[in-house]
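Please see the structure below; I have some questions.
Letters are used for the chains, namely A, B, C, D and E, taken in the order the chains are written, and counting of residues starts over at 1 for each.
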Amino acid sequence: GDVVKIGILTDMSGVYASLGGKGSVAAAQMAVADFGGKVLGKPIEIVSADHQNKADIGAAKAREWFDTQGVDMVNDLLNSGVAIAVQKVGAEKKKIVIVNGAGSTALTNKECSPYGVHYAYDTYSLAKGTATALMKQGLDSWYFLTADYAFGQSLEAETTKVVGVLGGKVLGGVKHPLSSTDFSSYLLQAQNSGAKVIGLANAGGDFVNAVKQAKEFGIKQTLVGLLVFDTDVKALGLNAAQGMKFTTAYTWDLNAETRAFGNKYLAKTGSMPTMVQAAVYSSTMHYLNAVKAAGTDDPDAVMKKMRDTPINDFFAKNGKIREDGRMVHDMYLVEVKKPNESRSVWDMLKLVSTIPGEQAFKPLAGSECPLVKK
Amino acid sequence: MPDVLDHAGEMLRVTGLHAFYGESHILHGIDFGVRRGELVTLLGRNGAGRTTTLKAILGLTGKRAGSVMVNGNEAINLPTHKIAHLGVGWCPEERAIFSSLNVEENLNLPPKVRSDGMSLEEIYELFPNLWERRKSQGTRLSGGEQQMLAMARILRTGARLLLLDEITEGLAPVIVKKIGDSVRLLKERGYTIVLVEQNFRFAAGIADRHYVIEHGQVVDAITADELAASTERLNKYLGV
Amino acid sequence: MDIPLQAILSQAMLGLNNGAFYALLSLGLAVIFGMLNVVNFAHGAFYMLGAFVALLGYDYLGQWLGNADMRLSFWAALLVAPIVVGLLGVIVEKTMLQRLYKVDHLYGLLLTFGLALIFEGVFTNYFNVAGEPYNAKPEVLEGAVNLGFMFFPKYRLFSIVLSLTVCFGVWYLIERTRLGSYLRAGTENPDVTRAFGIDVPKLRTFTYFLGVALAGLAGVVAAPIYSVSPKMGSDLIIIVFAVVVIGGMGSIMGAILTGLALGLLEGLVKVFYPPLANTVIFIVMALVLLWRPAGLFGKEA
Amino acid sequence: MSNDTILETQGLGKDFRGFSAVSDVNLKVARGSIHALIGPNGAGKTTVFNLLTKFLPPTHGRVIYDGEDITSLKPADVALKGLIRSFQISAVFPNMSALDNVRVALMRTVGGAHRFWTSDKALDAYTDRAMALLGDVGLTDFAEVLAGELAYGRKRALEIATTLALEPKLMLLDEPTQGMGIEDVERVTSLIKRVAVGRTILMVEHNLKVVSTLADKITVLARGQVLSEGDYATVSNDPRVMEAYMGVSADEQAMEGAHA
Amino acid sequence: MQSNDLNPTSLKMARGAEQKTRYWPWLASLAVLAVVPFGVYPTFAMELMCFALFACAFNLLLGFGGLLSFGHACFFGTAAYLTGHAIKVWGLTPELGILFGTACAAVLGVLIGVIAIRRQGIYFAMVTLALAQLVFFACLQAPFTGGEDGLQGIPKGRFLGLIDLSHTVQFGERELPLALYFFVLAITFGGYWLIWRTVNSPFGKVLKAIRENEARALSLGYRVDRYKLAAFVMSATLAGLAGATKTLVVGLASLSDVHWHMSGEVVLMTLLGGMGTLLGPVVGAVTVGVLHHELASLGSWVTVTIGGVFVVCVMLFRRGIVGEIAHRLRRTI
């Protein structure tokens, strides 16, 4: 078309709204503005919609965007189910789909697509970082509370592998429906299992509620969130969360660049960006650069360029998109500060260690993605 | 009640009463009156509008217009429960005994509208069968007993104006007699009674006056003493 | 598999906790249905509203009144929220439900369904489905008591006791008082009841107030346990429907006992066969219907 | 059981939670006769009907119809065997025309009611027969009127017409004249007489005038048991019956009967 | 229950049936629908057709059987899942897949029907709702449904193994999936015709009679329960057909197909269009569909609007759009 259209398909009112949602749209707009609002002389447009965390709605919306609105690229996608569905539509329609919110490794394995990019993080990288750290502390018997959908399951599976490899054992687990309110009975089961660690393979509100109720029932075991966002920590408060270790792709207080972006974003939206929102900015930027470099918005050309150019910005260090669509970059293991260490409302996390990309992400060897030539 | 009205002496005065069920216009200006202590009957064919008349007096029909004076008070604009508090007791065609209440609860249900209602003792004395079955569920009673209960229920409240609808309907002769006796008794006690009846023989025995209703209007009034004279006139109305 | 007794007992306690909520809610439903012949689909929404009244009163009231440290305490909420919700119910009854008594009862169901969607939607818009935590749990109820087999949070114990007290209070009101017999009579034959000098319309309004207020109360009690969210009622309500069908709409006591029993059952199933936990109630319902279509406590239709 | 008895009950009884509404009733209804069931209210007449037509399951006893035991059958099956009832409260399909009321009944006898793939013009086949039946009960002019809009007496007439459509061997009528004005009573009485030819009729009726003009045999129930049996004269002179049911001498009754 | 309240126009329906049937309306609407994809976004049009069929199936039960099922989504959804599974995993051809899904819906219809018809009116509504919830959880946990993610990437396949349904035709710069469109059109029309036929059949008459006075129908010797069950199963089956077809259109089946919101939606469609009318559900479905589509950007205000429409219909508009028109025109639609 005569404009370059970017579609932000996200969760506007659901459990993940605070992780992406309007914030992701804002991030994309910032990227477009910083890029100059035009590429190859064509204006850049942003459309957005709510996928309500329902695969059918997301897919239908994407299909309609591609068919009737001439959208060139879809970004964000907070729920794995939706992400998989939309990536399929993208493949069918030959349009680029960038996944930032969802984490299921399926996106770059069984379900991988030549037009799909899995940008921010995935369950493997989270599991690897966090599990390894805890095993080092000798916390080697686990029990899982798992959100019963692709993301949760994949997170549990990956963690289980890591724990196994490092010689720990998993004593069991229980699946709970997405966005439950009452975790008490699951927690009691976990308690009865006698495991040292209760791994929370869920996200957002589920994670927060679980931790709260664990306190209510005076559960002694170590609770560990396998996917934790700054916003969750804020919701829990430092008191409840202090000392908790988790893996993330971005937090604002890592270095000068991250701080710069963080503050800029804070100024615009009133809150610090989550790793998803930061990734939306970064990936949109990368896409636009690719379009410019390719001199066309033809998906195949752009996709090639995106693969060929390494990514080095505030978000991604030594970033590279593999043939399976995985964007490999450094991840960070962080720890929640004690209340007395915190100097401001957003001062909550401290860096424990940096996990280099090639260790953080699943090696291509043994990938189930048909695109990977062995 | 204020004595002023006593010598006026009218317990009920209905003038130009119109009533509707939804769209259908049933009563076309009913006029009649009942003096204190009188017993009048409303006669007529099926669907003439007698039940409707009683319901309209109580404001249980749809729209209604005209005037209903219950011992000196205009009732046409009052809600049903207020009308009842003017001292009107209604014994509906279908008896309407409450199955969720036992006999005694049924008796105790209606709030007293005046102090001088009958006590339970008096009522059981009037209807001994009710005493036997006082603890059993309302609808478990046989038709006749249900009928007695329906009447007894309104006597407790102290209502002085009784609207009785088809109280002998579908009853065995033996029970019809019983009911007849109790109605006479009430009349002696000075109750004012409006009686809707198919059973003319039953009505003839006890009424002071008969109003004949046709197509929602009072077409004739016959007093007890001129009754004998006007039998065939009546038969014409009732289509015998 | 061998399950430690202590696990069973603790899950049973949690089950009882849920059961208490089921009882409170199904009681409200039964009362409304009994008197108004309306299946109050909005019951879940009113439950949610109750919780939100408490939440707003605690976190936002101050800001609105321009006095930040002015808050509606939990204890106050226990009283205020049911009344506020009840009054909302009164508005609904007087402006809408009232007009539907004459037509087919299904319309009552459809109306309240619509209302439920509206309430849910509005709150979802302002507090997305994730909802917010309610942090007003009173000090005295903090912490847990040692039941020997488990540490059971004081607050949950309190919620069980409170719910049951209220349930039996309502039962007494309806089965054992004059007002109760008015209610029952008004249900059976409104016209005649009116003709006896009883203000049936007012009774109806009151009943709806009562039923809905019960839902509101349940909401407040639930708030500190589960975080307050717009959808908290919508899925619960279907379970409660099942409870009511099992118990048989007619009976107040039926609603209470069935609620408790099923909560307990659910809790135990969580121990023995977790996957069945969220379906067991519906399965029981199906079986009961095959065996006793009128429900366990229902009168033969 | 002899072939001229169409319906027989043996020790028929029904208890409602302890309270026994009907106990040990032994009825014999002769083929082709009009048999009346009378008795004070609560005697158990309607309950007996419900037992015969299986709307209630009996607690004791057997029901034998046309030589076979139907005690354990379902209402529909009983109806299929030609034992059809009418209700104490008039029962029609209010939002269907009188004609359709009858045609739906006819369709049941002929079959094909389950067909959802054919057009309902199929029903036109029954129109003539239906009109004939409406004629019998004097409703020819009301064929197109909605049953719900018919006057009370005519509703009953229509109900009888639909019942006839099923060509019942045995008709059970529960208080066919209840709540009717005098003229309606007479219309229905003569109607019953007319349709009775070649059929058996068992009816509940409080109106003794009707009973005396129609019934070949009368069974008096009281407190759920048979009190007396025989033709009108015998029954109405039976002192127990007078005491329990009429409470007055028979001849006086016959006159008063107009409305009791 | 007072059926006459429930479907004000069914009377005119019954009478209309006595007039001789006209064919031109069928042909006309077919003609119109044939050109639709050139104007409207075809995928959307096809979805609307599926929902229209769904609503009609539902209305067969409510409008003509007098039974309000609040759990019809479970038939719609079950068929959707099983069709998807059959086509994707077992590689069945689309028509066989749909057939399979529909058949399963029918079986489920029998199972649920047997239980549900034991209660009437409001109870029936609650029972169906609860049983549907049971099915919902079953789908949530069943291995092949993909839980929260749904069953995805269902191929369109080849009709009878010959015609490729994913085939598209270039029209302007748009790609029109005409093959699929006409396939769906055929199915929807077939379903609709069957319903029309059923309503105006002896069976339909008996259903009406039962709704009017059950005890009487019983005493006439009709096995009432069998007729109710038959109506229920038929409705369930057609709902299934709609679900199965929809799966093929959007290429995935998900929990929202079995969720009670879906059951609510179909009630609304019927109520809004006019229950007890043949055209009503279609109009209702299209209206609601468009409503959703237009308001999608409003987030949760959609729910509010839907709720609002419900309230308005119940309070002021009980006949529904078509019912109202029919009432005005005093003739059959």
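Going forward, a contact is a pair of C-beta atoms (placed from the backbone, for glycine too) under 8 Å apart; a residue touches a chain by one contact, two chains touch by 3 or more.
Given the structure is predicted, the values throughout are model-derived calculations rather than measurements.
Visitor: Shared touching chains for chain B and chain C?
Guide: For chain B paired with chain C, there are no chains in contact with each.
Visitor: Farthest from chain B by Cα centre, which chain is it? Let me know.
Guide: A
Visitor: Tell me, please, which chain's centre (mean of its C-alpha atoms) is farthest from the centre of chain C?
Guide: Relative to chain C, the chain whose C-alpha centre sits farthest away is D.
Visitor: Please report how many Å separate the Cα centroid of chain C from that of chain D, as a whole number.
Guide: 49
Visitor: Quick check: how many Å separate the C-alpha centres of chain A and chain C?
Guide: About 38 Å separates the centre of chain A from that of chain C.
Visitor: I'd like to verify one number: the distance from the centre of chain A to the centre of chain B, where each centre is the average of its C-alpha atoms, in whole angstrom.
Guide: Computed from C-alpha means, the inter-chain centre distance equals 80 Å.
Visitor: For chain A and chain D, let me know how many angstrom lie between their CA-based centres, rounded off.
Guide: 77
Visitor: Counting only residues that touch at least 2 other chains, which ones in chain A make the list?
Guide: 12-13, 177
Visitor: Would you mind listing the residues of chain E that make contact with two or more other chains?
Guide: Within chain E, the residues that touch at least two other chains are 299-300.
Visitor: Tell me, which pairs of chains are in touch?
Guide: Listed by label, chains in contact pair as A-C, A-E, B-C, B-D, C-E, D-E.
Visitor: In the complex of these two chains, what residues of chain E are touching chain A?
Guide: Per the touch definition, chain E meets chain A at residues 41, 43-44, 47, 140, 146-150, 152-153, 174-175, 250-257, 296-297, 299-300.
Visitor: Within the complex, which stretch of chain B touches chain C?
Guide: Residue positions touching the partner: 58, 60, 79-82, 84-85, 88, 90, 92, 96, 98-101, 105, 108-111, 113, 153-154, 157.
Visitor: Inside the complex, what are the residues of chain D that reach chain B?
Guide: It is residues 16, 19, 38-43, 151-153, 175, 178-184, 206, 208, 243-248, 253, 256, 258-260 of chain D that touch chain B.
Visitor: Name, in rising order, each residue of chain C that touches chain B in their complex.
Guide: It comes out as residues 178, 181-182, 184-185, 187-189, 191-200.
Visitor: Please give the residue numbers of chain A that touch chain C in the complex, ascending.
Guide: For chain A paired with chain C, touching residues are 12-15, 17-18, 174, 177, 179, 181-182, 184-185, 188-189, 192, 204-205, 208-209, 212, 216-218, 235.
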